[in-house]
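Some structures to go through are shown next.
Both complexes shown next keep chain A, but they swap its partner, so chain B is in the first and chain C is in the second.
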Partner chain A sequence: MPTYPLIDRLLLIALVLLTITVPILNLGVNADHALYIETYNVTLLGKYLCFALLALSVDLVWGYLGILSLGHGAFFALGGYAMGMYLVRQIGDRGVYGNPDLPDFMVFLNWQEAPWFWTGMEHFPVALTAIVLAPGLLAFVFGWFAFRSRVNGVYLSIITQAMTFALMLAFFRNEMGFGGNNGLTDFKDIWGFSLQSNETRNALFVASGVALLLGYFICQKIVRSRAGLVAQAIRDAESRTRFIGFNVENYKLWFFTFSAILAGIAGALYVPQAGIINPSQMAPLGSIEVVVWVALGGRGSLYGPIIGALLVNYAKSWFTAAFPEYWLFALGALFVISTLYLPNGVMGLFNRKAA
Partner chain B sequence: MNVSAQRGLLRRDKVFGFLTPAVGQQLDTTHSTLLYMENVSVSFDGFKAIDNLNFYVDKGELRCLIGANGAGKTTMMDIITGKTKPDTGSVIFGKNVDLLDLNEAEIAIAGIGRKFQKPTVFENLTVFANLELAMADFKSVWWTLHSKLNSAQVDQIEHIASTIGLLDMLNKQAGYLSHGQKQWLEIGMLLMQRPLLLLIDEPVAGMTHQEMEKTGELLQSLSGDHTIVVVEHDMEFVRSIAARVTVLNQGTVLAEGSMADIQNNDDVRRVYLGE
Partner chain C sequence: MVLVLSLLSVTAVASEDNELIQTLAPELLSKSKPKRLMAIDEIAASSAPRKALWLQAMIDGDLYQLKKTDEIVLATRQGNTYSLTKASDGTGLDSVKKRALRKIKIDNAMRSYLRSLIGTLALQSDDTEERFQAVYSLLGKVDSDAVEPIRKLKSQEKSERVHEAMGLLISIHDLENGTAEQQADAFEFVSGRLDNDVLNSLRRLSETSADKQVVAQAVMLLDEAESRKRWYTYIETLFFGVSLGSVLVVAAIGLAITFGVMGVINMAHGELIMLGAYTTYFIQQLMPSAIDYSLILAVPAAFIVSGSVGVLIERTVIRHLYGRKLETLLATFGISLLLQQAVRTFISPQNVAVINPSWMTGSWVVNPALSLTLNRLVIIAFCLFVFAVLLFVLTRTRFGLQTRAVAQNRQMARAMGIRSARVDAMTFGLGSGVAGIAGVALSQLGNVGPNLGQSYIIDSFIVVVFGGVGSLWGTLVAGMSLGIGNKLLEPWAGAVLAKILLLVFIILFIQKRPSGLFPQRGRAVES
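Let's look at the complex of A and B:
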């Protein structure tokens, strides 16, 4: 039996503790107490956890299968849009125009009825199905064509980048029926609970933590199964794997689709906490940033990208508050440093010392 | 329509060919010949890499394939394993499996294993995992996601590891093996597929004399149960293992026979020595 590093278990414990203690320190502690965590920070941490889940999904295909996806922002945003549509439907007649049947932006565009894909989105099960299906289907169709034509390496990265860019441009158009460049916002409540209340925000935080833990568990099961071995074999010697009799395209397709669904779920949890989803979430730069988190944390280990995402996003929050104009330089420097000196990320440094 | 489908439509002997499943049917090896290549030609940009080649391999035989650079040895291997599709000719495995209808993965499952010139083992995986992946088992995504090794499979892995002399290195990462050990591991990976036909490309290139001897013994012990075709440049090695030798020249068979026959063959002497 192979042995797994201690850090793997430590991270799990840390995540469980974080998920439990943060709501307690927000809801159960007086506001003037030293350990009190502001609601703003709870939501901020919740968003970090969503980013960590997104990073995990990228690592599953990049670190274990060798597919460098520069388009996972698109899957994240699609899951987010599906959730956003549900939230917009919950506004009812409390919108600016007070129209109980149509979202504000459609009233503004003089539409008489909502497009077909808004049908049933006021029901959560329908929205949940869309959260899984929208990114999953896009990834499946995209992967079907890309992997079957054996597009590999840099070329694949470029077309994933093109995919998210094209999708962004499409979503910018008002005619698409997703609110154009303003996107979907002004959310009021979820499942009948106000999004502004402390309790709901803590519940969303816990949901993000649980989703991350579940995603982590499932990814761990996958990479430790024989299918995980096959994935690594494909990453290291693709044609050899094919000669052993594995259908490489199928493995890529299913891993890619699963990874996209994970990203979509991360997006769906992110949107109610961020309060808005718009096409800029699909900007190519966003997807590249995710890759930076994974590279910095250490790809090919499931805990690496989670730590990378949390670290970089914490640094981003701190930097954009302290030195707003230098953040992009810092991000660039991080990427250069991690490429030059940390080929296996921060976690690689850690493992080398341990070994 | 793709090329292979067109070829299938034009074949007069296969009017109802679609009725027989391509893979999964029992391989018929009642004839003593395991592989037939007949009138095979292939050209790349006008260069005839294989020119009207006829080549037959008997069951259980250890055959050596020699020839100068560009004689078509690797292209021939590529055709058998489905990497290259020939322009004309037929390639039949056993009596009833048309290899031209199958893709690389299907050919591997049908029982043809190939070892490449450069050892390509999965460097980041352990020796055990390398053998596990090569095992003859269902290869679908869903199966590999949940299947666990049973004791018979673990036994098989250990048995083959001892055949190739790597039993005490099962948990070692394959990247840390020596060159010779990697070559043996790769042969072991081929054996895990329980192949009927083994294609081995330059097994002793870069090996020490000791490793070469051990490889020769390994190949000889495998023949009989398996049919083996070895491509090799090292004449000394060929002389030490082979029963039959085929000489390729300019994409076609120049001579065939025992090593002694080959050395006395006038055609071979003319091509090789310019006499």
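Let's look at the complex of A and C:
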């Protein structure tokens, strides 16, 4: 496993600088100054950081464990929904129907009371538990079944895709109690601070940056630990690792579950910045797109997916503004080129030059 | 010239017939009821094209004589005045006050006589189909006045179909209103029939009749019919399931080759289907006057279009990725995005309209409780046909043998002199071409647009994985069981929940049998 201490450190420094300077350039600089960053762009960058955290979580299982998950969008969305439920509860009686006990869509559906899983969601600690537990539990149950029966490779990829597809169809149903088609939106505040204010938006940006840095450190600890080495052994030679005496299924299960929780947290940070969460977030296409960020950045390193996510999402914003017609052409070409010519991603190029 | 003359003569005859109402005016307005009835009979027996209109107007009380000119007119009241049209040819006249009109009066007896006359007018049409439709439209609606002329008509009827329908019409009447003897005949006639009107009539009879024996007989027939109907409902569900299964199999079978035999995760499979559907659209645009034959031409055309795109994809991208399955997945997904956007940019982001040929519209009516739509029947037949051809190609031809040899052991196959690169390209082309053919079939069932492929890709993969990778039979069995399972679940779970349940079932099934229903055996599996 090659290491890139220089790039590693550079990226960390860049991330820390980004997290600190962006709020300063938004809040502390005059609007007509050349260095001023608009609030819209702060939020946009914040969303990118959430995507980077999601990419990191996919890379943890794909790059280090060899499990290509096409269903991480589901974990991301579950975390997002948990956060969305908390935010919807914060609306109180300021909704369209002015009902203090029920979210608007339930009033619209003529429901008399909220379903059990909405209980306590107005308290942040409960919501935080849900953010961790919902994706974590799903990943644990799914992984427990899948890894124990040794579903591998392509089959695993396809059933993860089936999982997110099934979940999307389920969330589209009004009866599920998650707002159906429209999802959850129209958020007002978080912790009593208005979501529209510059300060809150900057705070959310900083939170995303800190979460990404924390996630990065934890992942680094994990992959450098004994468990991380075992995971890489599983990726490269699963049967051999099993015969040596490691409990392959347990390693896979815990890595997968942790990765799902990471994705859920990314989703939870994403939703207040995006202002909406709906079932299309679970569309199979979204999960595959994440895989491309990772592939393009370079899997098997922790900074690769972060750089991939930032690059691709920046390109997406640029394309959809400048040439909306051609974004899918560009994305499609990215898929093909990165798999054909960049087996180790953009970061692989640097490595080849260094070597 | 001759044509124009003959047309003129036809209109002349028609107008002469239409003057009949004018010539009968004195009788219609006479005080004597027999005279009026005779006039009505004469109208009914005539060949005047507007006679049904006159009779109906008479019932509605809209037929008048204009006092000034003695013309017979149709009048509709508008506020204080009446707007008029000439009864004979429908030309409009100036509106008049009520005073200027003389009403053609009828009483209740005449009214019901007129009603039965109108009902039987269509029954005397020269067109068999028109007579048949007329009888069916009268089922359960005729009263005793109307049924007598129908009895007469029945004895003269030559068409067996109409004869039978008339029998049904009379029996339904006789069940409730006939003499004891007629009722017994009617019971015999309707036993075993499932028409809704018969069942309604029996139901009423079982509730209202005073005769215990009649009630018992009606109840017996009803029970029998209900249980047979339930049976036909099962058959119908099964039919829906098989047709949905055929759709799944048709969509997935190309993937069974590219993914199943070659091991290439082809995420662009759905877009190859879409290309086939668009080929159908363009063929129909090229030959708008021969839509009925367009599909027959579209099948080979779609095979060629999607097949060549497939070969191109294999030669430029997939060739470099053999042995790296997950990378193939990503690259082909990229290709699917490129193809989708290409269609959006160069053709249209909107759906295009593909026309169903006439031989696929309509349905095959087995009996009143069971009718099978033709387009579903065609899809089922088409699915089996494609399946049989593919099975033949893969197991009975030299090319199929080479394909399987390369799939099982590339090195050994090359050592035996097989040009593996060529076989790869051909096999992928075959799978893609079959996807194109699937597009032709699917274009007949739903929207054809840039997103067509995406709606089938996940289903296709699930069918292939469920059936067992590399097994054509597995794909057939898996597709059919998923289709039937879906339709069995749908009535009580709803369409979306049924789909979710099946997805969950598949996820659990893969845990238990990771290599599907029909796993491959042998050394080649461990790769």
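Convention: the second predicted complex is superposed on the first by the 351 of 355 C-alpha atoms of A that agree within 3 Å, B and C clash if a C-alpha of one lies under 4 Å from a C-alpha of the other, contacts with A are read in each partner's own complex, and residues count from 1 in each chain.
Keep this in mind: a contact is a pair of C-beta atoms (placed from the backbone, for glycine too) under 8 Å apart; a residue touches a chain by one contact, two chains touch by 3 or more.
These numbers were taken from a predicted model, which means no experiment stands behind them.
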Superposition on chain A - do chain B and chain C clash or fit: fit
First, second, both or neither for A:240, with chain B first and chain C second: first
Of chain C and chain B, partner touching more chain A residues: C
Contacts of A:166 with chain B and chain C, given as first, second, both or neither: second
Touching partner for A:343 - first (chain B), second (chain C), both, neither: second
Partner chain(s) touched by A:250 [first = chain B, second = chain C, both, neither]: first
Which of chain B and chain C A:295 touches, first, second, both or neither: second
Superposition-derived minimum Cα distance between chain C and chain B (Å): 10
Chain A-touching residues of chain B, taken from the complex the two chains share: 81, 104-105, 108-109, 113-114, 116, 120-126, 129, 132-134, 139-141, 144-147, 171, 189, 193
Residues of chain C that touch chain A when the two form their complex: 265, 317, 320-321, 325-331, 333-338, 340-342, 344-345, 454, 458, 461-462, 465, 496-497, 499-500, 503-504, 506-508, 510-512, 514
Residues of chain A touching chain C in the complex: 68, 142, 145-146, 148-155, 157-159, 161-163, 165-166, 169-170, 172-173, 284-285, 288, 291-292, 295, 325-326, 328-329, 331-336, 338-340, 343
Residues of chain A defined as touching chain B within the complex: 2, 222, 225-227, 229-230, 232-233, 236-237, 240-247, 250-251, 254
